[in-house]
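The following blocks contain the structures, represented as structure tokens.
First chain A sits with chain B, and in the next complex the same chain sits with chain C.
Our next item is the complex of A and B:
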């Protein structure tokens, strides 16, 4: 098991290198340079050249890339923002907790709503307890995040005055963003849980459990759910990682300074180090979450655990 | 056992609810004003690159020697109480106030001004303002002299853009200056917090030479999204806001808020590249370019794009308040008959395809492009609209690769300032390359902008620049569209002195106070 984990962790390195090269190349080869963006449309050529030189942007693409990667590997230095001249590492450290908080609370909310409702709809298939939640889930899944976020802001912040409209200083500030991001996710989770459960309850071992006279509650919670959970855990992990990078509209709407807004601003302002830093962090994070999901598999599925144990010998 | 579990669960739920629904602290505390910034900040330094957000908060923290009041185009004392220029126009002498302190407690001396001007000279962002500057000298603690390379009469305008900082405070921070809280300014507020993506907090400075500001704390809060910013304003979490144009009609009519429209000196214009290779260089034909100019329905653009927060404009700068600003003799009003005439004269009475109009991706530019496309189509001028991100679009425009495009520029109130958009010394970054072209008399334009800076008499300057503007307007390469305004709104419990508004980004909270 440990060998497997180490192997997977090592595999993250080429992934990071590949992503970093791709993003660096895209940013470098699209038209525009940071100095032109920073200095505006009336800038002189000398000023543009001088600023690009100060920022190190006048070096050849490959040289800039090698310097960038070498600095990260040898000094853990992600460079500094072309726009604010602040170290990227500091900005990542201050923004990561906000993105983490937003994504993790949203996924918790999605699980709390989506999984139980999904189970209920599967168990009560073709009844009112299935139809109503399924239609509701379809509606929520179709809501664009920004639209739902705006609606929540209008209702709970402006009209009811319950929640603040911006900021990230307290937990209260996260309530609306988490609902806005978590509800559509809950809808997806519910639908996935439903289909996973439906598939499981049709398996032979469930029929066997029922024929042996096991109570229905036991059949559902002990036999069916445990098996249905395996693909759900995958979805939770993958969606959690995706939410980290998918929260752009929510972050902008609620003025949450997370990683997504760092990437968006960086792209607009040709701030290569900002985009690179945030992208690399998200990539590393996604890879680790996927790895974690695989490890969790081993704990919830004895067959997988046995396979790992077997391969050790 | 089960009952106990239920009870515990209920307690936990209640606690959670109490926590979640706890009354939200009112952001607008009595002594704190919250001001919305539309963008992330970029720097603390007034010499590094900056955007609108930096301008707003720095207005109360850093001060120049003189203040350009663009409500009337005059200069007013700030750190310098008086100033004079030598007869040969080469030396500007500033007499400084002797009661000015920096936020670090140090008294301002002329040597700080020398330090500041030298620092500004090294900054690429300020090249335009410092280019005529040769050297500075501190005659004594309260006398500061600037020597120019050659006579340059717009210099006072430029000096109003150069802020004075404490040599000691900046030197202590070294390379970090610009990235963290600095007590280096002389303004009515000093910095207490700097988080460029979240907020900048400032506090009233006890030793400000005009007396302490009535409002103790000001938070400049970054809120990028317009809709949520308006909700925050309507909720009272934000006290003063630059209202997005789509919300202006509602907010300005409401009796819950104070509001005022104030000039911004930001011109939107259409650029037609006479050197474009598209469609067999069709845009080299001046009559076609002029026909496009007559198709620009400025009023429709103002109504649709800015919803009243702009006025249609026919020239580059307002001659009433711009030093050297001439009254334009050639104007392109919206007139489709004239457009048809020009097309006929160009030899295309049945219409022509002119290629592509590149629009930046923000929707206001796209709307402008669509309005012009529709009216051009009425006379038979056809083109495609292509969208690009601003950074990429600007690069294409500067490379001369676009046929038609838009831009918006904020001009300093001296006509010399727009010289950098037309004088061929900056040709490499121009959207339409004039240099070496036989389609425009670029040498005369260069000469006029050079002569204009050397002419002392304001009337003479207007005359000189008038000829430059005539040639540019006649060339049909740049078409002014609209001059935009700020629509500002504030909570009723805030007393806002708007008499200084119209000033160039000079929304200093010093003149505001809470109503008793």
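Our next item is the complex of A and C:
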């Protein structure tokens, strides 16, 4: 088991390096050079050249990449913003909790609604308790998070005045964004739980459980649910990672100072280090979440456990 | 030899036809899929025939005296913040959103699908391609699209390229898995033993057999790509105003939420309806292609 965990953790390193290289390469195509962006239009050519040299911009591409990554790994130094001249790392640290809070609360909401309702629809297939939630979920799964967010904002913020429409200082500020981001996700989760549960119910071991006379309640809750939940855990991880990115529109809509708004502001102001730092940090977090879920998966799925504990675990 | 060839062709044609008919028969029996298809054809037609009835000028023509007008005979859905006809903008906006979705899905399928096919067909390429795809898949699609748009600039072409690349891993993995299941089959071995070239095996024997998976996957991803295009436009990194697009229309409507809340209804409804329809069609196709998977 430990061997599996170590193997997975080691495998994440080349992925993170690859991701950072890819992002670095894409963003290096950004037109213009840092010094012209920093100094503005009035600067002389020499001054620009001088500053570019100081920033190490005249070095070859690969060398710049290696320096960038080494600085991040050894000193947690993401460079400094072209606009504010402040270190990127400080801004990242202050913004990361907001993005994490938004994504994790949304996925928790999605699980709390999606999984129980999904189980109910599968158990009561072809009854009203199946069709009504299934149709609702079909429509909600198609909702763009920003449109749902706008409707919520209009109803609960502008008309009823219950929740604030922007900012992130208290938990009340997170209610609408989390609902807007979480509900479409809950619909997706419900659809997945339903099909996973229906798939499991048709397996031979369920028939065996029924035929040996196990009560229906124990067949559903013990035999079926335990097996159906295994693939759902994977989906939770993958979707959590996707939510961190999908939160972009939500962060913009509610003016939440998270990492996505940092990326968007960075793009608007041609502040490449901001865009790069925030993108890398978000992506690294997504990879870590997926890794964590894979490890959890190995602990709850006896098949993987058996495979690795056979030889020195 | 010639006779043999003819026989083979006949055989293939016959099978292909009956197979397509069978799939269509199963699809027709699926009520929700048919509702989705009919509604989708209707909305698609409305948006794409629009230029015949509504000139593009009514999309951009501003009428500042007639801002936020309620629905009337001249403007069926009223007017927006610049006094432009809302209905014309919805129709042309739908054209834009759907076109981006379709074109991006086609590019994503072509590039991702070919990579997936190569990975499953050539063992040596497999590791290389799949590790690259793993890396690509680790970047959340929207962030990937944002990075590309940020480096290349926000215009229509770059938006399409950006969202196509961001969904490539999904296509690549699905096609690879589908081809993997076929490459081991005996008829592929037979074809290879008979001296058929790789290209011919891929196009004549492998591709037709994983067509179902590909079609279903493309339909499902089309709705995701449309949502991605709309999100990008909503945050101001996609289609730029004044060109109408459902996402950018919502972004404009957001600024006038207080004075003209009705502006945010139609574009959002358009996205939800088309996405739902595509999902219904995709579900229906999946069940029609492979009844065993039916839930």
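The criterion applied here is as follows: the second predicted complex is superposed on the first by the 278 of 313 C-alpha atoms of A that agree within 3 Å, B and C clash if a C-alpha of one lies under 4 Å from a C-alpha of the other, contacts with A are read in each partner's own complex, and residues count from 1 in each chain.
Just so we're on the same page, contacts are C-beta pairs under 8 Å (C-beta built on N, C-alpha and C of every residue); 3 or more make two chains touch, one makes a residue touch a chain.
Quick caveat, the model's predicted, so the values are computed rather than measured.
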Touching partner for A:199 - first (chain B), second (chain C), both, neither: second
Partner chain(s) touched by A:30 [first = chain B, second = chain C, both, neither]: both
Touched partner set for A:175, first chain B, second chain C, both or neither: first
First (chain B), second (chain C), both or neither touched by A:245: second
Which superposed partner A:45 touches (first chain B, second chain C, both, neither): first
Partner chain in contact with A:54 - chain B first, chain C second, else both or neither: first
Touching partner for A:269 - first (chain B), second (chain C), both, neither: first
A:153 touches, of chain B and chain C: first, second, both or neither? both
Partner chain in contact with A:104 - chain B first, chain C second, else both or neither: neither
Touching both chain B and chain C, residues of chain A: 30-31, 150, 153-154, 158, 252-253, 267-268
In the complex, chain B residues that touch chain A: 19-22, 24, 27, 40-43, 48-49, 124-125, 127-128, 178-179, 195-198, 221-225, 227-229, 231-232, 234-235, 237, 388-396, 398, 407, 409, 420-421, 425-426, 428-429, 431
Chain B contact footprint on chain A (complex, rising order): 30-33, 35-48, 50-51, 54, 83-86, 91, 94-95, 150, 153-154, 157-158, 161-166, 168, 171-172, 175, 252-255, 257, 261-262, 265, 267-270
Chain A contact footprint on chain C (complex, rising order): 131-132, 134-136, 138-143, 146-153, 223, 227, 230-231, 234-237, 247, 250, 253-254, 257-258, 261, 264, 267-268, 271-273, 275-276, 279-280, 295
In the complex with chain C, residue positions of chain A that touch it: 14-16, 18-19, 22-23, 26-31, 138-139, 141-147, 150-151, 153-154, 158, 194-195, 198-199, 241-242, 244-246, 248-249, 252-253, 263-264, 266-268, 272, 275, 279, 282-283, 286-287, 290
